[in-house]
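In the two complexes that follow, subunit A is the common piece, with subunit B as its partner first and subunit C second.
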Partner chain A sequence: MFRLAIKNLTQNKTRLIVSVGGLGLALTLVLFFGAIFDGAMSRLTVYIDNAGADVWVSQDGVRTMHMSASFLPASVTDEVERVPGVKEAVPVLYATDMIQANGKEYISYVFGVPDNAPLGRPGGIVEGAAMPGPGEVIIDHSIAASAGLKVGDEVAVLGQQMKIAGFTSDTSSLVSSVSVVRFEDFAKARGGNQAISFVLVKVSPGESPAVVASRISDSVSGVTVQTRQQFASQERKLVKDMSADIINIMNIAGFLTGLAVVALTVYIATIARRKEYGVLKAMGVRNRLLYLVVLTQALLSVALGLAAGVAITLLLSGLIPRFNESMVLTLSFGSLLRVAVVSVFIAGLAALLPARQLAGLEPVAIIRRG
Partner chain B sequence: MSLVGLSAGPAPRLALQNLLQDKLRLVLSVVGIALAVMLILFLLGLRAGVFERAKAYLANTPGSVAVLPQGVKSSLAAGSGEYLAAGTAETIARTPGVARTIPVLEARAMPEFHGKKESVLLIGYDPALGGGAWDLAEGREPAADNEIVLDRVLADRHNFAVGDTFEISGLALKVVGLSNGTSSLSGSYVFVRKSLVEKLVLSPGAVSAVLVTASPVTAPEDLATALRQSLPGANVLLKSQVMANDQEIMAGIIDQIIVLMVGAAFIVGALVVGLVLYTATIERRSEYGILKAIGARGGVLYRVTISQAFAAAGLGVLTGIGFAYLMGWLVETFKPQFPVSIEPSAIAITVGAGLLMAMLGALVPARTVVSLAPAEVFRR
Partner chain C sequence: MNANGLHVDHLTKRFGSGDTEVVAVRDVSLEVAPAEVVLIMGPSGSGKSTLLLMLGGLLKPTEGTISLNSLVLSDLSESRLPDVRLRNFGFIFQDFNLLSALNVQDNVAIAAELTGVGRKAALEKAATLLTELGLSHRLHFAPEKLSGGEKQRVAIARALVNDPALLLADEPTANLDSSHGHETMRLLREIANEKGRSVVIVSHDERIKGIADRVLWLEDGQFKDMVAMATDPVCGMALEREKAVTADRDGATFYFCSRGCRLEFLAGSEEFARSEAKAKV
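Entry: the complex of A and B
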């Protein structure tokens, strides 16, 4: 039965390649979209993960950084510093800004970090200084690659012309990247506003970040306090919540297209072998066995299509970042498993039509028709 | 029958017969092409919808000139804490040729309702000057600092009604109105009094942008030039330019994805056309062989194949356009935060893509037909 299914599928190699290619691309649509969001997710918390803070303090009710704004009175830093278990408390400024360079604009999360601060410094420096000096900025290498910039060039950040002091890597995603300027430059660009955005906290050795976070929450009013893990998890949740619906819509469209391609492939392969199926029926082979042959064909087509889809997605994951550093594609196991499970259902559905054709097959009539 | 005469009439008929010999296969192939076309058109519609909503506030708020903080060229960075210098709004109002000014203060927030995070852009405005919701579906404008006008889609998703309490950034606000056309892929607009946002961002008197209406006798371009001279620390642009900048930035983000996905959908469509034609051609190989044996030229057989391709792709494209409208309607009905705007230009692109799909899909089958050796076919 398995051999018959393979023979049916491979009787015409061109048809097989075309159908596997079609299905592979339809599944690529699903995998690709998921990979973009998984890739963005992997870059989303880079700054939070690498800033060195165990605890993040933000404005009351503000639990995220992405597409959010946090405003705290500058005095909060001192209040946090006095809480037992706090080793370091560093105020940082944060804004979503447009970096302008060579006529292009790039969305960036700009952080203002005090000079010599033990926390909040840019991580993953690939070129230039580790911290920006006065009037300087550290930006992600993806912006430099896109705009043709080098260390020492000028870009507009927060409405000010600033000199590039260095480049970080792997902080950019499809929607933004991380840039760091000096706290004083940021405050000046904001027009001397005394508000800060976050307080980054390092806990004393032996202290639990969760316990210290709870203490800060109890002693300082008007703030939301989260451990690094909680803050990063809220960020991931945000992207998940915002992208879930659109991913579902794309999945439905991709899966439906894939379903049509598999149904067409299996149907064509079955109809082309109609005569042989008629002979099998005339010889007493039961419908159930013929259904199994068709289902096996559908499963094989889907397996090949899925393999093609995965291969194309992996190829794109390797190729795209070479041309666009900020577009990272990550093919997660969860996404692959989900697509594989749905593909099995697709195979089952796609086998229904040809199976119905086989059930209605009249052996003698088919043989007579030739 | 003269086979020279096959070129005009019988070629399309033969093509149609070939396609119709198996109706179920034709239906499956039309559906396959239609789904690929639908995906292309839907993605383009989604893109247009995103652009439309990204510009919605500016498009619907009076004013032809926008005064923004220095270095700010688009409204997408609004709400991130960059403000105009104190007294800017007053300077603008005093400038000759200014008929109306609308100062707004924006702030982004990410509240969570029913376990789901929602991106909102708080528009702080003075109801006496304008700049609030342009299409109030229900209720009224905020009259006090503890009142808010919510986007209707956001309210529906989380069962908020006029009179309910909405919590944001640690504040409990009373919902006094619901607005239409204020939701998008990237979040929803909510409207509050400017004085409330000033408290939230700890900046009394702060202004993110001023929208300026020129007097009837002043050209917006002239007013922009005059304002640039009187406001050296601000960025003065025509509102249309800010909207164009917004679209350009959004395009920079989403076009990378859209182009790749449209490309993949296009290839899927071409492969479906190719698959169907190839099968139809192989099945009728002996008939083609006979035609060749009795003198049919390659051009005639090409035309048969191409006619089939165009017929299948044409049906697929038409069905796909219908599917796209259906999908757009379904998405807008059940997920109204994703506006889908199917524009005539997108339909034209899709029809062009469908024709190209047909041409590409017909390549291999056409070559197969033309390279058929008549005697070989009979021998098989």
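Entry: the complex of A and C
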């Protein structure tokens, strides 16, 4: 009967292409948006991941960079430095700002990092200086590519005109990018305020970041202390929660479209062979075997549609970043597994209606007349 | 009574109840021995198909018993009937009803596979049968590429592949031209003789009477004595001469199922007479 299912599915090539193509496009929609989201998420915490800090200290209650502001007294850095197990403690300033250049604006996470700081330096320099000098900024290469900038050009950051000292790569996403200026320039732009945003901590060799974080938390008042992983995880969770509704709507739309396409084509294929199924029933084939034929057809359609969807998404993942550096597509195993599981569910649902048709099919109707 | 073969005892089938009750088959008894070919004829609505459906375990009788080789079909539960149909009956339909997605050999093999025969053995069995029926050169053809006669031979091979005790054929020649119709009937006759199968055919086709061991006339759900029969030259329907509309031409009497056929005949009587003469040649 498995052979019959395959033959039934492949006999009408047009119907097969419509079914697999339609489902493939619907699943591509789901996979594509998932990949864009995962890609953006992977870039979201790129500074946190690569700043070299094992522990992040922020204002009490502040657990993310996004949608929050952290203000700490500058003295906190010294307090943190005195905690056993702390090797380095570096204060950084942070703000979300618009970088303006050539009439265009780009959202950026701007960090102010002290000269010669062992932590918090910009990573992935592809051109120019490794650290900004006075009145300089290091920005992501995608902004330069978009606005037609080169090292030495000026951009507006934090309300100041600053000269581009260098470019980083892989530090931008669809939602933002990372820019780094000197700590002093950042502080001056804020009116000379002595507050800092975060203290980046490197723990001594052999020390556990979690244990040191706990010690800092016990020793320094008015702070929230998180390991790098905790801080990055909180950041991702916040953005994920903010985007969840949109992502879910896109997923549901994609899955429903796929379900409609498969259900319709399997249903039509079953109705078109109603008489043949009736003959099989007359011969003595039980309903459950016929259900299996229909379910196999639906599963095969879904498997082919999923393969088409994955292939298209992988193709787009390779092509799109060539045209837009900020648009990174990451097809994660988790996302693929989720779509595969839902696809199997779609196949089951799509087979329900035809199975109902078969259950009610009377073989007697095949032998006509009275 | 010989336990082998088909035994039908006082079979009745009623549909509906009260004022709307219709008795499709009324107290019918019948025995078909192995290797016997029985042709059941009768007008439309006479109950032929209802009887055939009951014989094939597709419809439960209201009263009476049906047994095949000591297996009492009418006592079996609905859940057992599919398996019994698969192993004991071979169905041949008017429209051939082959599975369009499968090739000729697979169409036959699938019936064997359904009984648990392995794929290789099923394919071999199918090839042997199809070769016996003169279709060795068509094994891998799609059904749509076959002529009507070839399709019906594939259907016969499919009906035979599980070595059923009884073949049930519903209007097997209705969609075939005269020569293919005769060929199909000759095959059924041979199968009955050589393989010892009981064959029950339901048909309107007068031309096939010659190959049957017995011809039964079913009317109003009951078997009646065979009466003088004729064929309507316009629609080809088998008719009781006594009840038919008639017309005389050139000293011959023609019989019609209705006044419409008679009028049509009279309007083009020469054409019908020519085709009649041609058919006789």
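Keep in mind that, in the parts below, the second predicted complex is superposed on the first by the 359 of 370 C-alpha atoms of A that agree within 3 Å, B and C clash if a C-alpha of one lies under 4 Å from a C-alpha of the other, contacts with A are read in each partner's own complex, and residues count from 1 in each chain.
Here, a contact is a pair of C-beta atoms (placed from the backbone, for glycine too) under 8 Å apart; a residue touches a chain by one contact, two chains touch by 3 or more.
Since we're looking at a predicted model, the values are computed, not measured.
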Which superposed partner A:275 touches (first subunit B, second subunit C, both, neither): second
Partner chain in contact with A:284 - subunit B first, subunit C second, else both or neither: second
Which superposed partner A:8 touches (first subunit B, second subunit C, both, neither): second
Which of subunit B and subunit C A:153 touches, first, second, both or neither: neither
Which superposed partner A:88 touches (first subunit B, second subunit C, both, neither): neither
First (subunit B), second (subunit C), both or neither touched by A:184: neither
Partner chain(s) touched by A:127 [first = subunit B, second = subunit C, both, neither]: neither
Contacts of A:59 with subunit B and subunit C, given as first, second, both or neither: first
Greater subunit A contact set [subunit C / subunit B]: B
Common interface residues of subunit A - those touching subunit B in one complex and subunit C in the other: none
Touching residues (chain side subunit C, partner subunit A) in the complex: 24, 44-45, 47-50, 52-53, 56, 58-59, 81-87, 89, 91, 93-95, 97, 99-102, 106, 110-111, 114, 170-171
Residue ranges of subunit B touching subunit A (in the complex, touch as defined): 22, 24-25, 28-29, 31-32, 35-36, 38-39, 42, 69-74, 76-77, 79-83, 85-86, 107-112, 116-119, 167-171, 185-187, 200-203, 206, 235, 245, 248-249, 252-253, 256-257, 260-261, 264-265, 267-268, 271-272, 274-276, 278-279, 282-283, 327, 331, 335, 337-338, 364
Touching residues (chain side subunit A, partner subunit C) in the complex: 1, 3-4, 7-8, 10-11, 273, 275-276, 279-286, 289, 363-364, 366-370
Complex interface listing, subunit A residues touching subunit B: 12, 14-15, 18-19, 21-22, 25-26, 28-29, 32-33, 36, 59-64, 66-69, 71-73, 93, 95-98, 100, 105, 107, 156-160, 174-175, 189-191, 193-195, 197, 222, 224, 234, 237-238, 241-242, 245-246, 249-250, 253-254, 256-257, 260-261, 263-265, 267-268, 271-272, 316, 324, 327, 353, 357
